[in-house]
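Each of the two complexes below includes chain A, the first together with chain B, the second together with chain C.
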Partner chain A sequence: MAEMTVIMKRELWSFFLSPIAYVAGAAFLFVPAFFWFSTLFLNTGGATEAHMSNFFGYMPLAMLFLASALTMRQWAEERKIGTLELLLTYPVTTTQLVTGKFLASFFFIGILLLMTASYPLTLSLFGNLDWGPVIGGYLGTWLLSGAYLAFGLFASSITKDQIVSLIVSLVVLLFMFYASSLALIVFGTNHPGLIEFFTVISPATHFSSIARGVVDLGDLLYYLVFCSFFLFLNSSVLELKKRVG
Partner chain B sequence: MTTETNTQASSPASGALPSGPMGEMHGTSFFGLAFRVLLVAGICLNLLYLTRSLGVRVDLTQEKLYSLSPSTKRILARLEKPLVIESYFSKDLPGQLAQERGKIEDLLDEYVQMSKNLLKVVYLDPTSDRSIEDRARRLGVQPQPVQVSKSGMFTMQEVWQGLRIRYGGDRQKVIPLVPQSLSLEELLTPVIYELVLERKPKVGFIARPNTQPRQQFQQQAPPPAPGWEMVQGMIRGRYDVVPIDLSKGQQLPEDLEVLVLIEPKNMSDWEKYCIDQHIMRGGNVLLFADAADYGFNPYQPFQRQPFQVDLQGSKLAWKQQLQGYGVDWGQHVVAEMLTPELQGEADSFLFGPDGRPNNIERKPMPYWVKVLKKDWSTWASRLTKDPTAMAKLAKELTWGVDPSNPVFGQSQMLSFYWPTDVSLTKELPKGITGETFLRTSPKGVAQLPPQSSSPQSANVANSLQLRQLANSESSQVSLGVQVKGLFPSAFAGMKRPDRPGQDKTGQDKNGGLLVPQDADKPVADPSEASKADASKTETAEQGKETVKDGVQGDAEGPVFEGAPQPKEDKPEDKLPPKLDKAEKQARILVIGDANFIRDDHLSGRFPQWMSQPLMRGMVESLFSRQGRPLFDNLLDWMALDLDLIELRARRNVDRSLDFVGEVSPDEDQDLLKARVATKKWWIQWSNILLPVLALLGFGLLLLMKRMAEKRAFLSSAKATG
Partner chain C sequence: MQAPIPGVQRAVASGTPSHEYPFDSKVSLVTNHELNMIHVENLSKDYGQVRAVRSVSFDVPRGQVLGFLGPNGAGKSTTMKILTGFLTATGGTASIAGFDVATQSLEVRRRVGYLPESNPLYMDMRVDDYLRFAAEVRGVRGAQRQQGIDRVVEACGLERVYRKDIHELSKGYKQRVGLAQAMIHNPEVLILDEPTSGLDPNQIIEIRDLIRHLGTERTVILSTHILQEVEASCDRILIISQGKLVADGTLADLCEVLPSGALEIEVVGPLESIRQQLAELFVQGHVEHLAEGHARHGGHYFRVHVPLSMDAHAREATFDLIQGNSWKLVHLYRQKASLEDVFRKCTLSDAEAESLAERDLHSRVGEEVAHG
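Showing the complex of A and B:
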């Protein structure tokens, strides 16, 4: 645990020294806020309501780019410059390494999300904001980022090239997010079993439930299982490299 | 960078394997690893399937939008027999509807969990079986056509989403379609409530339309005056509606839950006594009071009509009776004088030289009062500049419409027509509590009903009247109150009033009732009514000597010497014992207007005026849209004690953003718009840019610090050689 905390701290600090993290973070903070505030004030008649559901509606896509950008170099860069072998010789388990890197990215995104706290605070000044869905929205976004990061780390571990890692992350996560909708387009309503399968595995289903303010134990377990599975895969890939050399 | 860890490197050369689960795997083969990955993937998928509907969840929304309300839980707790919900749901659904279906099924599952296993949900798919489809159609469940994409083609598909609710095996209700998850509870809970109650709550109506005398120049008889049939019709599905007429000596049914008393007029003591006894039995009263009637006659619009509350000869005034319950009825007509925006608008006719109307002008109508859901204490500074008076006003002024009351949850503004002032008495009777929930702005004026309430500017008298109104003493006039508790009887210590039709001469052959020849005729003129009443009083006086003692509290009613005793009265004719004290808690709710629920206002038609094209503008201006839902809510509040209103109100919390803030009445509109636009611009860009700048600023500071450290290191390295 102590080793993992040390890795996490070092990795988290490394984000603040990385230009990519700043560029991705700034884009993440600017783009959704710009679109959301622009539409929030479109209605000049005063009928606009104090809620953030539209803002959280932009989050899955924004988070997709942010998480992929943050994770693309985590292992790929290590492999490219040859420091992975050195890292694997340290007296820490691959699980500790993977979890440390994951938690660092997870907390970095948490800090970025905290920086958007001014939005609900502003809304609450001018209207009767229901904080429940706001809290749910933030929780859902953070958990979604965890799922994306877990997959992004795994994608980064299977390639030497950051760009390949980024593209794999973007494509697969985009597909997974819209899996249930895509399944409906492809299969129509002829295969309810398949549609149910894609609905269950899609992060979108679980995100929308939490983001509207309903925290279901099933949704929380989904994210836990999703993250654990891809972190396990990541660990397994590293272990394999360690063994094969 | 990523390789930097401060853990001490162990001796990799020693060949020691890292400890932990991955270390243990070191010796396993590639296939073993692949097998483990597949195994974990399988476990994860199974876990996802098993945990997708655990039913353990927290609803974070303020109004608990996605959870069953306490009202539903209370109603489910009253289930005594098995309740089966047959869900006629088609399985194949397009995307959005599939998600909604999931939420509906979640909510139905919550109904099951809250019902202590008495509620079961059975899912039937009408698209899978022809017999199920036939049964659904027979029950009245109807499919909805929706457009779906199948194999790249858009086609129409029928979606079934109806419910059949069966209680105890013999009672059932059908909800043909549940359009969305949010409306499920609003639709389903009242149905369950109705089934659980076994019978609909009984609501009695006493409503007498006014009459209009024929004018001298009027050749035809005036059309019948509008009444209150529509409000009775619209609640018949949910309530057992009983029209009540006490004029022939009938009694109120003892199982009456609510008595709706609309614009009481020409009230006899017998009627007042029956109402009092209903309250003593724990029955609720919903009273729509009016101090005057205006505008029936097409030739004299907005003119006061003959109107008398108490029948002549009545010993107890209705106003006095209400006071005994804690309600003070001022019998004034209320005008709103703050701004024209708070007044209704009526068409005012401009007359030509020939004396005929030749043009129409819209004029504010001060007697049509708009009541706002607004805290008027914030207006104290605009009403006075004196700090002491301002502080006093801020303390006295309060909300126009009580925002905490779910009855008004949907409405930001309510309109009333020639309302009258009703308030709580200065000292409420012992054991009675009360609340005021409707008030005008601080510039409400209560005055004795004027003869004319016409807004016509051409009318000199009316202009004078408006000036008088503007100069009158104003205050926040109360228009709606509720009192509840164990009420004292208004007839305590008094003799039971004479029952209409009561025979004093021994001629009665109708079970103690005498139906007069002209009983069916309405009392057209109060003076005639008073004459009739006077003659009855006279008869009563004559027969007084023969009345035996012990009438008070006599279960069989008054007995007269010489009168033939009925062997077996009809149950409804038997007089129950007179109650001087309340047996149960009751509630009386008084609204100072009955016009807003009158048929012509609810339907937007003034039948008397429709034949005259010039009057049509006036017809539209009288249309009262809020009357129907407000009446629904008021009645549910009285009959169901808020249970079902909560379901409607909780989805209607006002969350609109207000960037305008307090506006001075004399502020220029263009300046106001510019002020709001500037405010929005600052809010938008400060929120967008500040977090970005904070992040980049932090990065820049960090970079500068590192550069300074680097320079310091380099210079120290140079210094040390």
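Showing the complex of A and C:
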């Protein structure tokens, strides 16, 4: 636990030293907010109820880019500059390394999400804000980001090249994001089972129900399993690398 | 294939530690790991189809500075990476302080400090932040942390750059930071892969002194292809070539055991008679009379390539011969092999040595070596 915390602290610290984190973070804070604010007053014309569902609607796509950008260097860079060799010879297990790195990016995104708290706070001054979906939206977004980060970190572990990692992460996550629609196109309506399957495995599906304010144990479990699975794969990649050389 | 050095290689094969440390025969009751900090047995490593390390065995007693010598791509780094737990061996076993590197990796890693060949550092961190991280990740926390940092900062002379970003540092200082992180947990074993590569002569001497100093209380393995380096800082030398251990011993051992093949003799007496009798004495050798410019005392100057069978008593035999004939011996010198000779002898087969000499004439191009 102490070892994992040390890894996590250094990793979190490195985000604050990295231009990528600042650029990606700034883009994340600016772009969705821009789209949302630009239509906010049109959509709410006449209505008395303030809500942020449009804002959270942008989150799955925005997170996809942010998570891929944050994780792309996490292993690839260590491999490229050779610090991986030191990291793997510290008295720290690969599970602790992987978890430490994952939690660092997870908390970094948490910090960015906290910085958007000014939006609902401002909104609550204008109108009658229902906080339930807002909190649900934040929780869902954060959990979704966890799933994306877990995959992005895994993608980073298989290459030395940050750009390769970024592209692999973006492409696969986009496929997952559109999994249910793609399944519908590929398999048609004859295979409801398959479509159901792809809908269930897509992180976005579980996001929308939490974002509506319905926190279901199954959805939480889904994210836990999804993250654990890719963190485990990540750890396996590192162990395999020791064997292959 | 290159011929192993006789005598030296036998010591390795029979598994008995070589003879330069005096206590091994006396202490038979202590367990193996107390005697040998590092134990390596039949270690092998394949990279795909390429066999980088072939059945290497050696023991390193506590407190010894071991020089790992070999050409680029010989398997030095690979062996070190296995010892540090960065790679798993394909075959064989290795243990440090009695802990198996494969099955008790964490225990091993707690006891080992490692400076990889490329000296990888987090360039965007400051020296003090980096050392704090290195200490904590090694389990040196709380009050011990600052003590540990102060100790290595002093030992490695990092006071002046303590608060600087690592990327601002010169190569020498970066190397010192690399050494500092390897020593921060006061490890029993230090594994340093080419610790002086890329440094200027002053820095090299400083780092060597530091390693010498470290070696008084720790077990150190350092790899290099710079021969002066091992001469300067190692108690014992292993030469590895094409993944195989080809020599093991102290510097003196290696130079002694290698048939130097050269005895310089200057004798005052009848030339033809001396030439003939020397040739009879060294029947399997080669007697060469060097005329002008060598003799300095008015005698006849010979260089004799001594056959291996006579190596041990070549000088006595020569002396007896000369005394028996009542000639005057004015110069008798046995040329000792230098470490360079040993190195070349061990790491090059005859054919390779020839082709290398040939290549030296032309420019040396495209010497591709895999895996440092």
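Annotations for the structure displayed:
By definition in this document, the second predicted complex is superposed on the first by the 238 of 245 C-alpha atoms of A that agree within 3 Å, B and C clash if a C-alpha of one lies under 4 Å from a C-alpha of the other, contacts with A are read in each partner's own complex, and residues count from 1 in each chain.
Note that contacts are C-beta pairs under 8 Å (C-beta built on N, C-alpha and C of every residue); 3 or more make two chains touch, one makes a residue touch a chain.
The structure displayed is predicted, hence computed values, not measured ones.
Of the two partner chains, both chain B and chain C are touched by A:Thr83.
In the superposed three-chain model, the partner touching more residues of chain A is B, compared with the other of chain B and chain C.
After overlaying the two complexes on the shared chain, residue contacts for A:Val168 are found with neither chain B nor chain C.
By the touch criterion defined above, A:Leu221 reaches chain B but does not reach chain C.
When both complexes are overlaid on chain A, the residue A:Ser14 reaches chain B and chain C alike. Once chain A of one complex is fitted onto chain A of the other, the partner contacts of A:Leu149 are absent, as it touches neither chain B nor chain C. Of the two partner chains placed by the overlay, only chain B lies in contact with A:Asp130; chain C stays clear of it.
By the document's definition of touching, both partners, chain B and chain C, reach A:Val92.
Overlap of the chain B and chain C contact sets on chain A: residues 3, 6-7, 10, 14, 17-18, 83, 86, 89-93, 242-243. Per the touch definition, chain A reaches chain C in the complex via residues 2-3, 6-7, 9-10, 13-14, 17-18, 81-86, 88-93, 242-245.
Within the complex formed with chain A, the chain B residues making contact are 1-10, 12, 18-23, 25-26, 30, 33, 36-37, 40-41, 44-45, 47-49, 51-54, 56-63, 65-66, 91-95, 98-99, 148-152, 157, 653-660, 676-677, 680, 683-684, 687-692, 694-696, 698-699, 702, 706. Taken in their complex, chain A has these residues touching chain B: 3, 6-7, 10-11, 14, 16-18, 22, 25-26, 29-30, 33-34, 37-38, 40-41, 44, 46-51, 73-74, 77-78, 83, 86-87, 89-96, 101, 112, 115-116, 118-119, 122-123, 126-133, 135-136, 180-181, 184-185, 188-190, 192, 195, 199-201, 205, 208, 212-218, 221-222, 225-226, 228-229, 232-233, 235-236, 238-240, 242-243. Across the interface of their complex, chain A is touched by residues 45, 47-48, 52, 78, 81, 84-88, 106, 109-110, 112, 114, 116, 118, 120-125, 129, 133, 136-139, 141, 181 of chain C.
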